[in-house]
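Note that the chains are named A, B, C, D, E and F in the order they appear, and that numbering of residues resets to 1 at the start of each chain.
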Amino acid sequence: MPYINIKVTRQGVTADQKAELIRGVTDLLVRVLDKSPATTFVVIDEVALENWGIGGLPVDKYRRDAAG
Amino acid sequence: MPYINIKVTRQGVTADQKAELIRGVTDLLVRVLDKSPATTFVVIDEVALENWGIGGLPVDKYRRDAAG
Amino acid sequence: MPYINIKVTRQGVTADQKAELIRGVTDLLVRVLDKSPATTFVVIDEVALENWGIGGLPVDKYRRDAAG
Amino acid sequence: MPYINIKVTRQGVTADQKAELIRGVTDLLVRVLDKSPATTFVVIDEVALENWGIGGLPVDKYRRDAAG
Amino acid sequence: MPYINIKVTRQGVTADQKAELIRGVTDLLVRVLDKSPATTFVVIDEVALENWGIGGLPVDKYRRDAAG
Amino acid sequence: MPYINIKVTRQGVTADQKAELIRGVTDLLVRVLDKSPATTFVVIDEVALENWGIGGLPVDKYRRDAAG
């Protein structure tokens, strides 16, 4: 009975893409560990860009600098 | 000093229901493990239906199929 | 289909106490939000004392100071 | 820069299976959301059976009852 | 490659304050554990007051009682 | 009443280093957001190398390849 939490930046992820993530990661747990889909939970968190940091910077500033 | 995180689907949970969850789970930790309420944290996350998966499907589709 | 994560310090919590926590929090979700036990997950994490901080100190030192 | 946390019960998951989970979920994020593998983190938590609850019971007891 | 999650109550935290948290905690991991900023992730979650409990009460009520 | 979770790879982090992380991140929350240390929790998780993935690989293999 796996529980999978996927955190991504909030950037217009569509409902179809979320459904693909849910199906894909569930299939993976079934295939690799023989888990039952019926007791596999997936929770997707979309995180605002200013709330996600990398390299000591909020991700939007980090990307601007990298592109700079 | 327990920390409890409760994740539920976002479906109109009221402030009163949240207060009941907070009180109930705090009481449980006090009763079973003799923890202090003053250092017991509870965080409730409400997750959009399209962000929660079960059975390889987003939960709203999963429920429609189950009801189908 | 709630997911509940309970974090407590690792201090000899017994299997019976864990079972009580699992039953208690599941019952709470059933009672307050009418959730199904069959799709209610509970995960208990036991955290070493030196890995848990409060008041800017590891919890074992914090307690010694408080007992001071 | 996704972060994925996979929680499974601790039941002899091998290093090869963990590597497969890491590769599989990273590929999924690349394919569905065009994320970069270099900034995709995966953390696998293995949870003791007595620390995981479903149906109001620790999972080992839940399975015995279901098999019963 | 650390991952740090900071949860605070949602009370008008500004983008500048978030940037300070991200920079500060990244610097801390670099200084104490010699981690690389480029693979240090920080995720900030802002939690609604009614979703955060302490002392068995939602935090806004807890504060009113304490002030009372 | 912040809650901070720090995940690092399990590589001989000492109790002193953990105490430094706890003090440092608590001070940060006090300084930036004027939070009270007494209600600031820090939980450190040490993750086995084979349970942490980056670049689609377990971190030990990722580092060997990078060094290669």
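The rule we apply is simple: contacts are C-beta pairs under 8 Å (C-beta built on N, C-alpha and C of every residue); 3 or more make two chains touch, one makes a residue touch a chain.
Not measured: the values here are computed from a predicted model.
S.K.: What is the shortest path, in steps, from subunit A to subunit E when you may only step between chains that touch?
M.R.: Steps on the shortest route: 1.
S.K.: Could you run down the chains that neighbour subunit C and subunit D together?
M.R.: Per touch definition, common to subunit C and subunit D: A, F.
S.K.: How big is the rotation, 0 to 180°, that puts the C-alpha atoms of subunit C on those of subunit F, in steps of 5?
M.R.: 120
S.K.: Among the chains, which is located farthest from subunit C on the basis of C-alpha centroids?
M.R.: A
S.K.: If I average the CA coordinates per chain, which chain comes out farthest from subunit E?
M.R.: D
S.K.: Between C-D, E-F or B-C, which repeats the contact pattern of A-E in over half of its pairs?
M.R.: It is C-D that reproduces the contact pattern of A-E.
S.K.: Would you kindly state whether over half or under half of the residue numbers at the subunit B/subunit C interface are used by both copies, giving same or different?
M.R.: At the contact between subunit B and subunit C, which are copies of one sequence, the residues are largely the same (over half shared).
S.K.: How far is the middle of subunit D from the middle of subunit E, if each middle is the mean of its Cα atoms, in Å?
M.R.: 26
S.K.: In angstrom, rounded to a whole number, how far apart do the mean CA points of subunit A and subunit D lie?
M.R.: 14
S.K.: Two or more other chains in contact with one residue: find those residues in subunit B.
M.R.: Only 1, 3, 7, 21, 25, 39, 41, 43, 52, 54 qualify.
S.K.: Please list, in label order, each pair of chains that touches.
M.R.: Those chain pairs satisfying the definition are A-B, A-C, A-D, A-E, B-C, B-E, B-F, C-D, C-F, D-E, D-F, E-F.
S.K.: So in the complex, which bits of subunit B are touching subunit E?
M.R.: Counting only subunit B, the residues touching subunit E are 15, 18-19, 21-23, 25-27, 37-38, 40-46.
S.K.: Once bound in the complex, which stretches of subunit F touch subunit D?
M.R.: That would be residues 7, 47, 50-58, 61 of subunit F.
S.K.: Subunit A touches which residues of subunit D in the complex?
M.R.: 1-9, 13, 17, 20-21, 24-25, 28-29, 31-33, 35, 39, 52, 54, 59
S.K.: Which part of subunit C faces subunit A closely enough to touch in the complex?
M.R.: It comes out as residues 1, 3, 39, 41, 43.
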